[in-house]
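Structure incoming, see below.
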Amino acid sequence: MGKGRLEAFSDGVLAIIITIMVLEMKVPHGDKLSSLKPIFPVFISYILSFINIGIYWNNHHHMLHASQHVDGKVLWANIHLLFWLSLIPFATGWMGENHFSTGPVALYGVILFMASIAYYILAHLLIRLHGKKSTLAAALGNDRKGKISSVIYFCAIGIAFINAWVSLSLIALVAAIWFIPDYRIEKKLVQEHCMESELQKAEP
Amino acid sequence: MGKGRLEAFSDGVLAIIITIMVLEMKVPHGDKLSSLKPIFPVFISYILSFINIGIYWNNHHHMLHASQHVDGKVLWANIHLLFWLSLIPFATGWMGENHFSTGPVALYGVILFMASIAYYILAHLLIRLHGKKSTLAAALGNDRKGKISSVIYFCAIGIAFINAWVSLSLIALVAAIWFIPDYRIEKKLVQEHCMESELQKAEP
Amino acid sequence: MGKGRLEAFSDGVLAIIITIMVLEMKVPHGDKLSSLKPIFPVFISYILSFINIGIYWNNHHHMLHASQHVDGKVLWANIHLLFWLSLIPFATGWMGENHFSTGPVALYGVILFMASIAYYILAHLLIRLHGKKSTLAAALGNDRKGKISSVIYFCAIGIAFINAWVSLSLIALVAAIWFIPDYRIEKKLVQEHCMESELQKAEP
Amino acid sequence: MGKGRLEAFSDGVLAIIITIMVLEMKVPHGDKLSSLKPIFPVFISYILSFINIGIYWNNHHHMLHASQHVDGKVLWANIHLLFWLSLIPFATGWMGENHFSTGPVALYGVILFMASIAYYILAHLLIRLHGKKSTLAAALGNDRKGKISSVIYFCAIGIAFINAWVSLSLIALVAAIWFIPDYRIEKKLVQEHCMESELQKAEP
């Protein structure tokens, strides 16, 4: 089964998620630049979520690029991932309106934690489908970055009840370590490609 | 006529439907986790509809995958299906806000019943276009699952006026029986592919 | 220049227009089926606009299908068409909330009239690009249906100030005559294809 | 790495941005045509932003059309561009509601200035990837139009605090100079294509 429509549907959903978040920034009533001040936290919260969705789109793009086909289970694992990501605009709005207080930050952590688990499930179903010796499996490796992210998110949820700002910093830290796109896959694909060329040269 | 744009347009509409439902979950005013409590039914209602749209996307994907071409009637049958699905966010919001009471559950049942009829029409127009001996026709078979779903939805509408929770359980039951993607088509396609390979081997 | 992205962008915009209209149907406060009564006119207005957008998507699909390439002017003519169509959700909401009274119906007529003019411009730029002897030009013919639509919309605007219901009936009449997809293009493409096959058979 | 999904994601985001702006035009309460008067500035502001997004989509289309591949940095530069563009609906709504007063116009200028810088970064990363001798690099040339736009936007921000209408005219002026699609790239591609044909003819 082709991966084209899975990519198209995911692109659509991620494009909408990333864009409707801006609807949470309500137009202020005054017309002075100072009337923007109350929505400043909402704006910061918007930037953080924009980057997070950008990271997911980026990594999703790389992972599917290295995949050849999908099956019914992969389709559902993908919808499961999109479900958790679709809750981000809600948590973003709540967090911004309450200036990053405990409750909203904890919820934001829960959603990102669940999304990271969903991404893990999707990655492993794809690997199982392509085999342990596939480019995809080699490229993803032991997925250290993914596992660390899940652990940090899990800690961030608990820490939110002690200090919301420390929790938020942890969440931002994960964004920072993922900001660099998944060069592992890019590198592996290039290697694969080179090796094939070498073999073809060697053959005659 | 190619099926590409029909798939693209449907993906777009389904992606938007599945995502704008989250706008029905209004950001609560307090910042405690307990302020989320009133929107819990809306959340449950959101999950149910997310799964339902996911099922439609999944089956639509499988059915179009087994199709080779479309015509003007298929385009309209598809728009008709999207019409009923586009009403789901409205019914979802109403159902969530009223804690799954009779009226909203009945309306939700009506919309799902009409969507199942629209899907049936779309499937049959596609089969007529591809012929009774096509892979598509063989794969869809007598569409027992589809017919059962329509009947259960129809019952659920009536039962909503007696007990809304029983009605809701029936609706959830249909989601459960469809949750497994349409393996009939996947299986048929694999068989077809194998038979062709066998024939090609046998030829020389 | 390829037509792929023009189709993708148009599909995206039309998918969003057709779906966000449902946001104009605000969830009612009561939970009785009778609480749906006040939003009934909004629903009727939603159906009418859903069909209109469906017609535009359908005809756009057929026209682009018969086109081979696009240029800068076509891109802008397409954006111009999307502009007028993007105003439909606004007019739909206004018309529904005011039970199809004079002002909103007149505005709805103006928007549909402008959209029909924009479609005409787009069609003629495409014909100029492909030549008067192209399949596209032959298929569109003298575009009688398009011209009649524009004239009826123009009349509907004036008549709205005398009787809004007559005006609305005229608008619905245009929807009815377009409901049948543009078979001219389909037929022409089939003919073309047959002639080519004939010629190829005749050649050796 | 293919450019297909980058185009698809950008098309999705731009389609949503251009369409959700219409949600800022709230349906008026009265049903007279005169009740549209208060939203007239919002409408003007909507037209301006529609054209601006249209210009970005158009130029993005042309630039990516001349590109062969993308890398991780290009993906992020593209997301960065989409971020600034995603703020346009917010500024559009604020500007329209306050009849183009100083604060909103200045903010609108800031967003357009940042978007023009983001576009510049994206263009230069693409050129670096394709080489200084690529069709893309030759086609974009020294990007005089882009640089002038950034300078005018920068001036418009300052001037907004003296006279908002002069500032707005400058912003509209930039739209006017970009309204004509990027013929440089179209021309270059045609030349390239011709030269190749010439060379192929000359070879035997």
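The first chain written gets the first letter, and so on, giving A, B, C and D; residue counts start at 1 in each chain.
Definition applied: a residue touches a chain if its C-beta (ideal position, glycine included) is under 8 Å from a C-beta of that chain, and two chains touch if they have at least 3 such contacts.
All values reported here derive from a predicted model rather than from experimental measurement.
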| item | value |
| --- | --- |
| Cα superposition angle of chain C on its copy chain D, in degrees to the nearest 5 | 90 |
| Fraction-based call for chain C against chain B, same above half, different below | different |
| Maximum centroid distance from chain C, chain identifier (CA atoms) | A |
| Separation of chain A from chain B, taking each centre as the mean of its C-alpha atoms, in whole Å | 26 |
| Per-residue multi-chain contacts in chain C, two or more chains | 8, 12, 15-16, 20, 23 |
| Contact footprint of chain A on chain B as seen in their complex | 7-8, 11-12, 14-16, 18-20, 22-23, 25, 27-28, 30-33, 35-36, 47, 50, 54, 57-58, 61, 65, 179-183, 186 |
| Chain A-touching residues of chain D, taken from the complex the two chains share | 1-2, 5-6, 8-9, 12-13, 15-17, 20, 23-24, 71-72, 75-76, 79, 82-83, 86-87, 89-90, 93-94, 97-98, 101-104, 106-107 |
